[in-house]
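Both complexes below contain chain A, partnered by chain B and then by chain C.
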Partner chain A sequence: MSATLEAASLGCHVTLVDSDLALGGQLIKQTHKFFGSKDERAGTRGFKISEILLEELNSYKGTVEVHTNCTATGFYKEDGVVSCVIGEDEYFRIKPEKIVMATGAQERLLPFPNNHLPGVYGAGAVQTLMNVYGVVPGKKVLMVGAGNIGLIVSYQLMQAGVEIAGIVEAMDKVGGYWVHAAKTRRLGVPIYLRHTIREALGDKIVEGAVIQEIDDRFQPTGKEIKIDADVICMAVGLTPTCELLWQAGCEMVFVPQLCGHVAQRDLFMRTSHKDIWVAGDASGIEEASAAMVEGRIAGVGVAKALGHGEASEHSGRLEEFKRRLADLRGGEVGQKICQGISCCTVNEWGV
Partner chain B sequence: MNEKEKLFNGGVLTEARKGAIEPPRDLWENKKNGLVIIECPQRIPCNPCHTSCPTGAVKAFKDINDQPEIDYEKCTGCARCVAVCPGLACFVVDLTWGGDGVALMKLPYEMLPLPQEGETVDCLNRIGNTVSKGKIVKVLEPMHDRTMVVHVEVPRDLVMDIRTIRVVKQA
Partner chain C sequence: MDLIEKHPILEFKHSKKVKFSFDGIEMEGYEGEPIAAALHANGVRIYRITPAKEQTRGFFCAIGKCSSCFMVVDGVPNVRTCVTPLKTGMRVETQLGKGVIPMDA
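On to the complex of A and B.
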């Protein structure tokens, strides 16, 4: 959405396809207030931010075409065609001049005995059920992972009246913001640092879990703790969704700090394929605020390549967005991101 | 990792540190409407406590990732930051309020059910243990965004322990 808005504001015609029923990506299920500064709409709840972006998009009715429930299923590098399917059977092909791939991320899961039982969820599914469809996933949840997603989803479950049996975290400190941890702790939720889940308990459905302390080398040690729960929620990280980038033959590099394979990109987020840009979690796992700024940068990059807008406008906007990204990445969590980005950024493609 | 570090690493403040300090006692004792306590010890990119502060008491950030610093002389205890902070990390404590042995806390609250004025609630410390009862004085929604600021009368000696309330289900 951010890339579309930026490109459209410079005069590009944009076709926006999204596999979800509504635009907004993860924002539509984020009921917490965002961090950042006024530029990033700090203090505004995520789903409100998607409403604001949607309203902004609506002002480009003449130049922006939106398809929801529409999956970009393939990129054919021989002729630059993208195939799309609306719903399950309405196919179409489109040949854009330039493409921004902002396909987001997918959740990682952990292998453990009985993880096939109904009641083992990914945190994204829990958040969708609860905050998009108004369905609570169960009565008592064991959260696995104390990154921002694990912490925030735990808090949101409590807001929905669901009990949190505990949050299990393999590292020796929470990975998410300290204040999110403090918010859940003061409501009585235990956080088990240096612990892992050993198995899910239950016959036909989840009835509990066994967790255990781990040592420096992540080997289980110490006594096992049995936890009663009817839901085990996995919030153990994301990995960039980059199939289309692979298909396009973009130069890819594995960057642990960005949580998987990502496309090499220049300062405008252009990949090694001259017609393809990347933005958001698809270019490396990070906070939503940064993803939105990256989308804006990619939007400017596309407009520049298509000859829309003045050169001074492009460089001015890029500088402003770069400043905002540097602010967002200046904290403790941002250091890792910056290291990762330096591993996959080129100054300029030799085209 | 000792017990204290373990607690802190899991989101529990164990002692004053940068971004989480206690207001100066002398000023605090006599400051009508109270002073803010911010517990935000980690560098994260966030500054609404400063940008929303009507008096400049939360000082301008050199870097948006800095921990907040407070000029207590300027703090009026208005609790705007309590309502705005995305991390629910701001709390106002008014030591001049009420009679002997009590104080007023203005706490952020985003749970249901909402407490009612005059209701007795549980007061919870940083690890969720009930440490006392409290009496709800006022429930406000300053930004009209579902984050409530709950004014609750609490035992004065527990203002550095109590960090939230729980509505007790009526039997």
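On to the complex of A and C.
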């Protein structure tokens, strides 16, 4: 959405394709107030930010065409065609001059016996159920992962009236912000540090789980603890969704700090493919605030390449967005992100 | 339906209530919301049975990427119910194995 807005504001015609039923990505399910800086609407709840973006988008009715429930299924590098499918069976092809691939991320899962049972859900999926559609995900939830997502979703589940059996975390400390951990602890939720899930219990659906302490080398040790739960919520991280980038033959590099394979990019987020830009979690897992700024940068990059807007405008906006990204990446977590980004950024693509 | 009644932050604006069937049983859901969400609200957890090991599968990723929630909808198998909007009168069925593709469609 951010890339679309920025490109449209400089005069580009944009077709925005999104596989979800509504625009806004993960923002539509995020009920917590954002951190970061005022420029990125810190203090505003995620779903409100998506409403603001949607309103902004509506002011470009003439030049922006939006398709929701529409998946970009393939990029054909021979002729630059993108194939799309609306719903389950309405196909069309499109040949854009420039493409921004902002395909987001997908959730990771852990291998353990019975992890296929209904009731083992991704944390994003649980958020969708309860925060977008108002459906109670379960009666009692075991959360796996005490990063920000695990902590926030636990708290949101309690706001929806669901009991949290506990939060399991393999590391010896909580990965997420202290404020989120404190909120759940104050409500009496146990956080099992240095523990992992050994198996899900149940025949046809989840009825519980077995967790166990692990040692410094992540090997199980000590006695197994049986937990009653009808939902096991997996919040063990995300990995960039980059199939289209692979298909396009973009130069990819594995960057642990960005949680997977990502496309190499220049300062405008342009990949090694001259017509393709990348932004958001697809370019490396980070906070939504940073994703939105990256989208803006890619939008300027596309407009520049298409000859829309003045050179001074492009460089001015880039500088402004770079400053805002630097603000967001100021902290300890930001350092790791910056390290990762330096592993996949080129100053300029040789022609 | 198992819906969140009171929430400190959110106000849920549901669309029109419609009737649909799950394995022949009549249920209610909201038009335009994902089939999988409507089923979950009606207490349905098992959406398909896998071909080889005959294991149960249900809701999982909610973004149309993982194949866990494939079901037979109006006779068509492998429908991603987590991203397919519910319509009135839909026939939703548990998918057994790979499903059979209707050749007259």
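Note that in this section the second predicted complex is superposed on the first by the 351 of 351 C-alpha atoms of A that agree within 3 Å, B and C clash if a C-alpha of one lies under 4 Å from a C-alpha of the other, contacts with A are read in each partner's own complex, and residues count from 1 in each chain.
The rule we apply is simple: a residue touches a chain if its C-beta (ideal position, glycine included) is under 8 Å from a C-beta of that chain, and two chains touch if they have at least 3 such contacts.
The model shown is predicted, which means the values in this text are computed figures rather than measured ones.
Visitor: Examine A:19 and indicate which partner it touches, taking first as chain B and second as chain C; both and neither are also allowed.
Guide: Only chain C; A:19 stays clear of chain B.
Visitor: Which holds for A:69: it touches chain B only (first), chain C only (second), both, or neither?
Guide: second
Visitor: Once the shared chain is lined up, is A:159 touching chain B (first), chain C (second), both, or neither of them?
Guide: It touches chain B and chain C both.
Visitor: Looking at the overlay, does A:225 come into contact with chain B only (first), chain C only (second), both, or neither?
Guide: In the superposition, A:225 contacts neither chain B nor chain C.
Visitor: May I ask you to decide whether A:116 touches chain B, chain C, both, or neither, giving the answer as first, second, both or neither?
Guide: It touches chain C, and chain B stays clear.
Visitor: Just chain B (first), just chain C (second), both, or neither: which does A:45 touch?
Guide: Both chain B and chain C are touched by A:45.
Visitor: Check the residue A:107 against both partner chains and state whether it touches chain B (first), chain C (second), both, or neither.
Guide: Once the two structures are laid over each other on A, A:107 reaches chain C alone.
Visitor: Could you say whether A:130 touches chain B, chain C, both of them, or neither, answering first, second, both or neither?
Guide: The answer is second: A:130 touches chain C but not chain B.
Visitor: Contact-wise, after the overlay, does A:343 reach chain B, chain C, both or neither (first, second, both, neither)?
Guide: A:343 contacts neither chain B nor chain C.
Visitor: Hey, what residues of chain A end up touching chain B and chain C alike?
Guide: Of chain A, residues 45, 159, 161 contact chain B in one complex and chain C in the other.
Visitor: For chain B, which residues count as touching chain A in their complex?
Guide: Interface residues on chain B, with respect to chain A: 1, 6, 9-13, 39-48, 51-52, 63-65, 84-89, 110-112, 124-129, 143, 145, 147, 163-164, 166.
Visitor: Can you name the residues of chain C that touch chain A in the complex?
Guide: 1-4, 6-10, 12, 14, 30, 32-34, 37, 40-41, 45-47, 50, 55-65, 76, 79-80, 82-85
Visitor: Help me check something: in the complex, which residues belonging to chain A touch chain C?
Guide: Within the complex, chain A contacts chain C at residues 19-21, 31, 45, 47, 69, 71, 87-88, 106-107, 116-122, 124-125, 128-131, 133-137, 159-161, 204-205, 241.
Visitor: What residues on chain A touch chain B, complex-wise?
Guide: The touching residues are 32-38, 42-43, 45, 146, 158-159, 161, 169, 172-174, 177-189, 191, 193-194, 289, 327-334.
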